[in-house]
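Read the structure below first, then the notes.
Think of it as A, B and C in the order they're written, each chain with its own count starting at 1.
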Amino acid sequence: MAKQLGELVKKAGDYAGTAANTGIALATAGIEQLTTLAVYRCPCVTSKELGCNITQIGSPKCVHFLNLGYGLSFIIAPAIALFVFGMISNPKMWKLLTGCNHKQRRKKPTWTYFLWTLTEVSAAAMIAPVTWVAIALLDGRFYACAVTAFPYDVEHALATYPTCEAVAAAKTFYTSDSFNDNRSFSQFLGWVVISGCLIVGLFLFGYTQCSSPLTYYHAKYYRLYKGSEEAEFDDEMSKKAQIDAESNVRKFMEERREKKEWDRISTVYEFHR
Amino acid sequence: MAKQLGELVKKAGDYAGTAANTGIALATAGIEQLTTLAVYRCPCVTSKELGCNITQIGSPKCVHFLNLGYGLSFIIAPAIALFVFGMISNPKMWKLLTGCNHKQRRKKPTWTYFLWTLTEVSAAAMIAPVTWVAIALLDGRFYACAVTAFPYDVEHALATYPTCEAVAAAKTFYTSDSFNDNRSFSQFLGWVVISGCLIVGLFLFGYTQCSSPLTYYHAKYYRLYKGSEEAEFDDEMSKKAQIDAESNVRKFMEERREKKEWDRISTVYEFHR
Amino acid sequence: MAKQLGELVKKAGDYAGTAANTGIALATAGIEQLTTLAVYRCPCVTSKELGCNITQIGSPKCVHFLNLGYGLSFIIAPAIALFVFGMISNPKMWKLLTGCNHKQRRKKPTWTYFLWTLTEVSAAAMIAPVTWVAIALLDGRFYACAVTAFPYDVEHALATYPTCEAVAAAKTFYTSDSFNDNRSFSQFLGWVVISGCLIVGLFLFGYTQCSSPLTYYHAKYYRLYKGSEEAEFDDEMSKKAQIDAESNVRKFMEERREKKEWDRISTVYEFHR
């Protein structure tokens, strides 16, 4: 039984990449739903407001622009945020950049090499933002809010409800027909984005695999080796750092030190100054 | 008792392929129902809109196209997505492609060999998408929405409800007769797709089995051997990678290294550059 | 107590064939009821539509054909699907077919032998589909929908309900008299199918038993032996496959391999190419 569980875990390891991507996608979708529940409300437009003749102090000048900006910002801004997180959390990016101004061997990486790595890292970081955009389009309300001039069926609703806010609170019954059509169109766009990205991704991935100098099992061994090396290197570095630190500190503490020496160790030491 | 349970597990193992396929089909059906509940709503068309004379800002130009695209995208796009996932998760695909531009022996696989393997992999990856299409057709609403000009019985409904949205909310009573007929036709198509694919699949599978050079028990032994080899190879590779990594890392750490050497190990190493 | 339980399990084992068949039949009936609840709805026909003069875009041309196809597809298509599953899951089928194009001894099985086995396998695979057809006929709605021109009593109903759909929603009260007559006839057909198949099956089974060269206990011993042999063979094959795989993989991994060798083991190996 325990052996079969072990087998299962190892099997899952083979699909680690896929699993991680699926996890990212699901987490993105979950966050999206939560965000939407908590803060999303398409701005309410009355016929009076549409003429861009708002006189109240501090109110945005043209309301259609507000709707457009509001809807698009819910689609694009989180995608940008997710992209930045993806870039930051990729060690490849920082292996390339860290200290690249002072590298001696190869005297800075060549531009093609630099751009190639950047493309690779960007591609990996695009999974979460594309998922966000796709799910936002599938949900449809963001896009519909962005492109519809009159999101709520105000004419019928205002007869019943006193304020714009009350209409929005009862929005399941009073979104306008063109809003709903745009929402459907958005879902159509969402499916187009999903299937398009997957097909392009499949072909690109296939091509990069084709041009790899290694074959399937050789590449698998290389991946296994890289993982082991990374883990082992971390271990050895920790051990060595511990030993070096111990010996240095003991040496300082084992005899009586003068003020001059205490001063020296009390400065803020940084390499780049 | 434990022995009988073991027997049962082993028995289930014999039907692993069938079980996996059934699992894929059931998961597909489940996802479909969830997706539908969450986001599906056939666009509502009023007689005014059907003439493609929509003047409101941002509304898609011709509404019948919207219905068609909306309905078909719910049938086709997820099928494409499932197909891509099926292709990606098949190791055979990547055994064939990885490094195929640099293979030395056989100097790239021959085209017939390549196409044959691709066909095999595609056939295996078609199970989930075909299930999706079949279940979408059996559900019927996607197809009916795609081909029906007037999905809701607006004439009767608009007398009672103020907006298209309100009609859609009460849609169980007010989908039009032609929508319902198309839904029935879609279910008919669904059964045709299911039985057709199964019959064709049975004959193709039978033919490939017939032309196998191995007989039943010989093929079973070959399958068992291949499974054992794969598991054993994974084990040995992990062990070897661990040992190699340890010796290399120790060698690097055991003496004091210069900046040049630290630089060298901090680059992003890739074979294909 | 434990001994009596063991006796019971062994007793049940004697009736394994009957139990499996009963299980298949019950599962079929259950699936049928679920499917029907979820998606079945006989297309509604109004007198206006029956003249095949439907002018609305995308609607199927002749509605009586729709009724016929719809009703029959719910009876026949699932039966086909169940038949295919029955054929696929029978090892006898694949023992016969696998590699039959390359068999050396007997140089392909003789045609009478082939047809006889196919008949046997088909007969075993017919249990689930026949159950489905019988239960579908007993339910009656599929057959009645297929053969009745006017399934709903539209004349009476349209006075009360505005649309065909509303009639269908209240269909328990407004199915037409001819629909109900056809439903009764369908139930009659269902009983005929059930009793007919059971009688024919009893006589055929009796005849095959009569013409068996073995007697009752001899046949029972043969069944027991076959089961033991199958289990033992599986065990031994697994063990041998494990040992062979281990020795081969160890041999590959014990020395440093060149790219050419890694290439060779990374190809998709298939016998029939």
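Assume contacts are C-beta pairs under 8 Å (C-beta built on N, C-alpha and C of every residue); 3 or more make two chains touch, one makes a residue touch a chain.
Quick caveat, the model's predicted, so the values are computed rather than measured.
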{"item": "Interface copy of A-B among B-C or A-C, judged by whether over half of the contact pairs recur", "value": "B-C"}
{"item": "Interface composition of copies chain B and chain C: same or different, split at half", "value": "different"}
{"item": "Mean-CA-position distance for chain C and chain A (Å)", "value": "47"}
{"item": "Chain centre separation (chain B, chain C; CA means) in Å", "value": "24"}
{"item": "For chain B, residues contacting two or more additional chains", "value": "95, 98-99, 103, 231, 233, 237, 240"}
{"item": "Of chain B, residues touching chain A in the complex", "value": "39, 41-44, 46, 49, 54, 56-60, 63, 66, 69-70, 73-74, 76-78, 80-81, 84, 87-89, 91, 94-95, 97-103, 162-166, 168-169, 231, 233-234, 237-238, 240-242, 244-246, 248-250, 252-253, 259-260, 263-264, 266-268, 270-273"}
{"item": "Complex contact set, residues of chain C against chain A", "value": "259, 262-263, 265-267"}
{"item": "Contact set on chain A toward chain C in their complex", "value": "214-218, 221"}
{"item": "Footprint of chain C on chain B - complex, ascending", "value": "7, 10, 15, 18, 64, 92, 95-96, 98-99, 103-106, 109, 113, 116-117, 138-140, 146-150, 153, 156, 172-178, 180-185, 187-188, 191-192, 194-195, 198-199, 201-202, 205-206, 209-222, 224-225, 227-229, 231-233, 236-237, 240"}
